[in-house]
Amino acid sequence: MSDVAMSESELAELHRELRVVARDLLRRNAAKAGPDQTYPTVDWSLLVDTGWLGLEIPEEFDGAGATFAEVAVVLHELGRAAASTPYLGTAVLGVGALGLLEAGAARDELLRAVAAGEQRPALALPTGDSDGDVTAFRLAAAPVSEGDQPGAGRMVVSGSADFVPDAAGADRILLLAADESGTPVVVAVRPTDPGVTVSDRPVLDETRHLGTVVVEGTEVDPGAVWRFRGTDPAASAASARRLLDRAALAVACDSLGLAEAMLEATVEYAGTRRQFGRPIGSFQAVKHACADMHVKITVGRELLAAAVRALAAAEDPAGPHDQEISVAVSRAKSYLGAAAVDIAGAAMQLHGGIGYTWEGGVHVYLKRALLGRSLFGAPAAHRARLAARFTAL
Amino acid sequence: MSDVAMSESELAELHRELRVVARDLLRRNAAKAGPDQTYPTVDWSLLVDTGWLGLEIPEEFDGAGATFAEVAVVLHELGRAAASTPYLGTAVLGVGALGLLEAGAARDELLRAVAAGEQRPALALPTGDSDGDVTAFRLAAAPVSEGDQPGAGRMVVSGSADFVPDAAGADRILLLAADESGTPVVVAVRPTDPGVTVSDRPVLDETRHLGTVVVEGTEVDPGAVWRFRGTDPAASAASARRLLDRAALAVACDSLGLAEAMLEATVEYAGTRRQFGRPIGSFQAVKHACADMHVKITVGRELLAAAVRALAAAEDPAGPHDQEISVAVSRAKSYLGAAAVDIAGAAMQLHGGIGYTWEGGVHVYLKRALLGRSLFGAPAAHRARLAARFTAL
Amino acid sequence: MTIPTGSGGSTGSGGSTASGASVAGPVDLAEFRAEVQRWCRENVPSDWRRAQTGASAEEFAAFQQDWFQQLRAAGYAVPHWPAEWGGGMPVAQQVVLYQELAAHDAPRLVLGFVSIHHAASTLLVAGTDEQRRRHLPAILDGEIWVQGFSEPEAGSDLASLRTVARRDGDTFVVDGQKLWASGAAHADWCLLLARTDPDAPKRKGISYFLMDMRSPGVDVRPVRNAIGDSHFCEIFLNGVVIPAENLVGPVNAGWQVAQATLAAERGMTMLELAERLGNAGFRWLVDTCRTPGPGGGRPVDDPRVADRLAELETEITGLRALCRGLVERHEADTAGPADASVVKLFYSELLQRTMDFAVEVAGLPAHAELRKPASSGWESGAWVLDFIGSWEWTIPGGTSEIQRTIIGERGLGLPREPAASA
Amino acid sequence: MTIPTGSGGSTGSGGSTASGASVAGPVDLAEFRAEVQRWCRENVPSDWRRAQTGASAEEFAAFQQDWFQQLRAAGYAVPHWPAEWGGGMPVAQQVVLYQELAAHDAPRLVLGFVSIHHAASTLLVAGTDEQRRRHLPAILDGEIWVQGFSEPEAGSDLASLRTVARRDGDTFVVDGQKLWASGAAHADWCLLLARTDPDAPKRKGISYFLMDMRSPGVDVRPVRNAIGDSHFCEIFLNGVVIPAENLVGPVNAGWQVAQATLAAERGMTMLELAERLGNAGFRWLVDTCRTPGPGGGRPVDDPRVADRLAELETEITGLRALCRGLVERHEADTAGPADASVVKLFYSELLQRTMDFAVEVAGLPAHAELRKPASSGWESGAWVLDFIGSWEWTIPGGTSEIQRTIIGERGLGLPREPAASA
């Protein structure tokens, strides 16, 4: 990140421009999709060409040196388009993890390779509701066998993670693991390493590519074990927690985008489709349902903005505490996860028969909204985290 | 109860007639209320004259020998009218308790006196959510002091119950108490007995008269301790449980009645009140809200009917088990408790400014619905009882 | 007992049975229930769900035809038809039959649904003797029907349909397009609404026809639905010739025929759906809630989950009772004009709420269930597909919005919308 | 940073503050916040809730006047007015002021609400210099205003009002009846809408007046509301003479004046309400949930209760941010035509949901709270009264139904209802 502070209005303007460019690009890209395809694809090369991949990568490693606030803009637009893209797994989770790690030759080289589009990382982490454990993998010293170089310090990693975004197709898998003392670290493996299995995990939402990562006793060099910044185990735990928050918030950005798209599509349809001699949008049942969708989106947008601001300012010494960030994220994720499903469902209802067809495409958004509601914590799980503040004391 | 079985259609016809007579009587009675009074009063003498007081009292004690199914019809109509009356405390709870007790001179005499309108009982029992303990009073042997007749067996009763329907004004208080072995019994005291304090507990719902019953070391004769039918402690516990179910179901009957009244008032108003050049009921926002009220009422009516049938058939050896009765009651109470509040609230909304005035009278129903939602178990408490069936195993 | 109702001293125990069925005596019903239970245990294929998961259209159709004949042999296929046509089961027994089929998770009759309900009730209510003799036995032998009502511009506003049937001597010649024709790909015959008087007010110029799907000029094209199935179809009609004897009811009285026949079949079909949701559907939901998650905990041990189960079960109980009541009122001819709408609205939205909850509580693994068994309803346990499929109940057959309007206007007597000035 | 937006290489940290306020710099605001906190600690009467519970109308009015003068002395009474009239506080500071008043549970300005908001904005936006000089200082000295807009037949459909003002030389003579005039019993002056051209289309024949409540022919009668208070009034007007100089804006332009002045005051008043709900209101709700019941258990230890608290707190957080955004957009003149309706709708229904939950969770003891403190809002902790009072937000000022129509039509551009043929 550059040290020249940007004013809030300059930043808003920057985001506006980023948004306009992204939306326009996605619109043109979607037009290239075939007539049978109900969603657009934003592939690796496009991510590289747009520079979106390296948004958060520091300028010294050929990235844009931006923050999560700008990544959020892209995520929001990808959600609006219901685009199929490895952006979440690679740029948001993979780069996000690398950014929280201690600098080091291997890490720095990987960041530079990602910025150039030469390497494609994914982050294997818990993807469901489990709130206790933030690590899905365990790291231990390798058993010393005959012929070992004494003190080589080779390690063994094991564990599994399911429904990992963009795992299949990645050439580096970053495992969020606990070392022997329980401190979170990142272990970098390749899908071709012995003991590592990465497989597709097909889901109904065809726009997402999730995978299962199983690691069984894979030996790694000490150089593949990367530590979070700060030697303090508590700081490492906070960083791991931050990665889960970032994942949840990324999905919330997506949910807002797709909810907006669904409202716009519904308003458009209701303004033109006529039944009983009137546009259906002139009926209160339709109009008021659209109004309720709009209110939910407006509220969700505020909650999301607050969480994005908090997360983007996390490295700022005067910024919010970890707890405040988590609270803001859980509010946004729980609210938008539920709202996006409600809104996509209402869109299906208000589109009538057309909404229920494959070609109508509303189902693409509904499935993505449903998956997003569960991915990185269902609303109930995030509310449970918020609720703990009331039951304490 | 008579032993001549009535067919289902004869019973339905009987209920219809009872309903018509009650509704007509309540309408005529309401017309007599002053212009400033927002609810009608059905006082003691009217309860005696109509015979409603003795509906469930066996014919041998000068009652009508009917069942809870007929009491439910009266409760439903009293709810529709939002009538202020001691019917709940006296006829439903007081008589209900007496009906479950072993026959005996004192109990029989009291039943006969109630049927004649000469005695006014109330039942002191837990009125809130507490699901574990069905008894609010404890019975113990009186300490033997000098001069006592040996073996006189005097007992001491203590405890308290709050928000007891129609306690103030009753001349017999039936305490639902646990004896020294924990078996539920009924202890009959008078408000004038030493150690007994019965006080008004004013609530916002002016149509209900609740009271606090505090009993501190009141000595009673063994003859004032009445046991439930069947010597089995488990049977006594079931009877005590039945009294709480009966109380909850009585309130559910009331909730259905007042919800119906609110829907009818709203439909009437929406059909005549004009805004924007149309009756407001022609707007979908109003029409569809009324439709939703109607659906809730229709569903609630079915749940209530099932619970009333189950409770009324409880004494039938081929009838439902205790557990089935409790389940049916909890379904009806949880659904109607919430539905009545929603419906009275919607009525207030759809009546607009008029609905918010004191004279408009909607508030009478809303307050009664709110109190009814909490009285004898909030929806959440009843759902918890239902939910225990899913968590078990 | 002696109750002061003015009717004088009728006496009786007041005890009533908890069952809502009232036509046959309790003893008969208990016996019949035992009989159906025995039949189900012996006849419901234990592995049909697995076999029907991923089944081809042909496998599905063959399975449905087999199952229909199995039910027919037992006398369970068309219990609601008159005795002379192979039915004649008392309503109270039909209730028991559908309860037990649901309790034993029997396959649903999906393919023949329109045939045994809509087509049969059309023929019975408004058809000629000749039409009945020609089609009712054929339906028993497996003749499949499709409903050709909706059109691209006539969905909720069915009366504005544009398909035209022109009289030509002893025939009608039909041109137009139908949409949302469920199962048209398998259909032999079609219940067709078409406009025969273009100058009459919307509802007054429509006629009702029986159309042979093998007629020249009928072109069926599948439409994929939101879960990727092609159960719905478009039917293109180009100069299709229908003999005048295939008209149902008088010319231009098609709207009334359609209303009468739609109402006739609503009670028992809704009861069947409610029983399905209340039996196997809810059992699987409870199973899902009792299945430990990755962390080892069972969802049901979260009081929030258990609370929702209690709430949904309560609503489903209300629904089932409501359906029994509707069937009885239909039988007694005392049903109100909006009673069927109340049931359809409540069922469809409750189904949707229930499946929404199931998706959320089942978490990520639910999204990896890529297929649901054919021959099952929208409570199959493939929760995401079930949830999406639930819109098949809130949209067709009158959207929930339309049902609310019907309830408000016909049920409660609220004033209609002013006519649009457009 | 270098982001490919097409705008070229702007650089910056991208870090932004979590605060939504943007006009004054962060240092000023922090200092100002500390100042308001200090003032609140020293000036908010610690026992005002107890003292105001059961207060007479006179005690309430006297307390309100005292508190208003206390705020005035600190410069906090009319911060939103222009500097020349005694205000001039930057918007970002006003936000802080209302946040801190809410956080310290200061009494609300109820009696003077219409005076400092509606009356002042009317005078400032559309009044004459003479009118401003006459009334703005008087309001600072305690002059009380009431809004005379609604009528028995003109509630949601305000434009159909019937009160008539006939020109008579240099005066207008008014006859009619106003309803829902909040606080009329204490009022010195009235903002009056009356019809001056009975032949013009509904909205085009209305004029806006300042009416002295001591004029002969003005008769105020209290109307008890649903919780038994008489805050609302009817105002009967019989030949009331209003000098023509008390007209606001041109004759027959009253509708536009009313719209402009209503919009002008919505942002900050909604922000104050949201802060009240989010501060003391929510704190008492949490307290209620933490208070052990008769059985000894705390409601909050029921995960269902804790879940609802989390959900409500989330929504309230969204509301507060929404209000800050609305205030900023008002200031920047970038607010959309339905933004205020979104806030009003969401606030009022969220308030109602929250109070409904509070009533349920507080159980039977909540019903024995027979009075709420005057000078408090509808989140006072007397939950049943608060809940019932919440309809004061979902009905007046445009019902929730009206707000949804405004959002649909003006916010989203959906087509209007066809005009009624009646």
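Every chain is named by a letter (A, B, C and D) in the order it is written, and numbering of its residues begins at 1.
As a convention for this text, a contact is a pair of C-beta atoms (placed from the backbone, for glycine too) under 8 Å apart; a residue touches a chain by one contact, two chains touch by 3 or more.
Since the model is a prediction, treat every value here as computed from it, not as a measurement.
Peer 1: State the pair with the higher C-beta contact count; candidates are B-D and A-D.
Peer 2: Comparing B-D with A-D, the pair joined by more C-beta contacts is A-D.
Peer 1: In terms of CA centroid distance, which chain is the most far removed from subunit C?
Peer 2: Chain centre farthest from subunit C's centre: D.
Peer 1: Indicate the whole-number Å distance between the mean C-alpha point of subunit A and the mean C-alpha point of subunit B.
Peer 2: A distance of 55 Å separates the two centres.
Peer 1: Using mean C-alpha positions as chain centres, tell me how far subunit A is from subunit D in Å, no decimals.
Peer 2: 40
Peer 1: Quick one: subunit C and subunit D, Cα centre-to-centre, how many Å?
Peer 2: Averaging C-alpha atoms per chain gives centres 51 Å apart.
Peer 1: Give me the residue numbers in subunit A that touch at least two other chains, ranges are fine.
Peer 2: 278, 283-286, 288, 380
Peer 1: In subunit C, which residues are in touch with two or more of the other chains?
Peer 2: 302-304, 307, 401, 404-405, 418-420, 422
Peer 1: What residues of subunit A sit close enough to touch subunit C in their complex?
Peer 2: Against subunit C, the touching part of subunit A is residues 127-130, 132-133, 162-163, 201-205, 274-278, 283, 285-286, 341, 345, 348-349, 352-353, 355-360, 362-363, 366-367, 370-371, 373-375, 378-380.
Peer 1: What part of subunit D is in contact with subunit B in the complex they form?
Peer 2: 150, 153, 155-157, 160, 179-180, 223-228, 232, 293-295, 302, 304, 352, 356, 359-360, 363-364, 366-370, 384-385, 387-388, 391-392, 394-396, 399-401, 404-405, 419-420, 422
Peer 1: Mind listing the subunit A positions that touch subunit D in their complex?
Peer 2: Contact set of subunit A toward subunit D: 1-11, 13-14, 17-18, 20-21, 50-51, 55, 59, 64-67, 69-70, 263, 267, 270-271, 278-279, 281-282, 284, 286-288, 290-292, 294-295, 298-300, 302-303, 305-306, 309-310, 312-313, 315-316, 319-320, 324, 331, 334-335, 380, 383-384, 386-388, 390-391, 393.
Peer 1: Mind pulling up the subunit C residues that touch subunit D in the complex?
Peer 2: Those residues of subunit C that touch subunit D are 302-304, 307, 418-422.
Peer 1: Looking at the complex, which residues from subunit D come into contact with subunit A?
Peer 2: So the residues of subunit D touching subunit A come out as 1-7, 10-18, 22, 286, 289-290, 300-301, 303, 306-307, 309-311, 313-315, 317-319, 321-322, 325, 342, 345-346, 401, 403-405, 407-409, 411-418.
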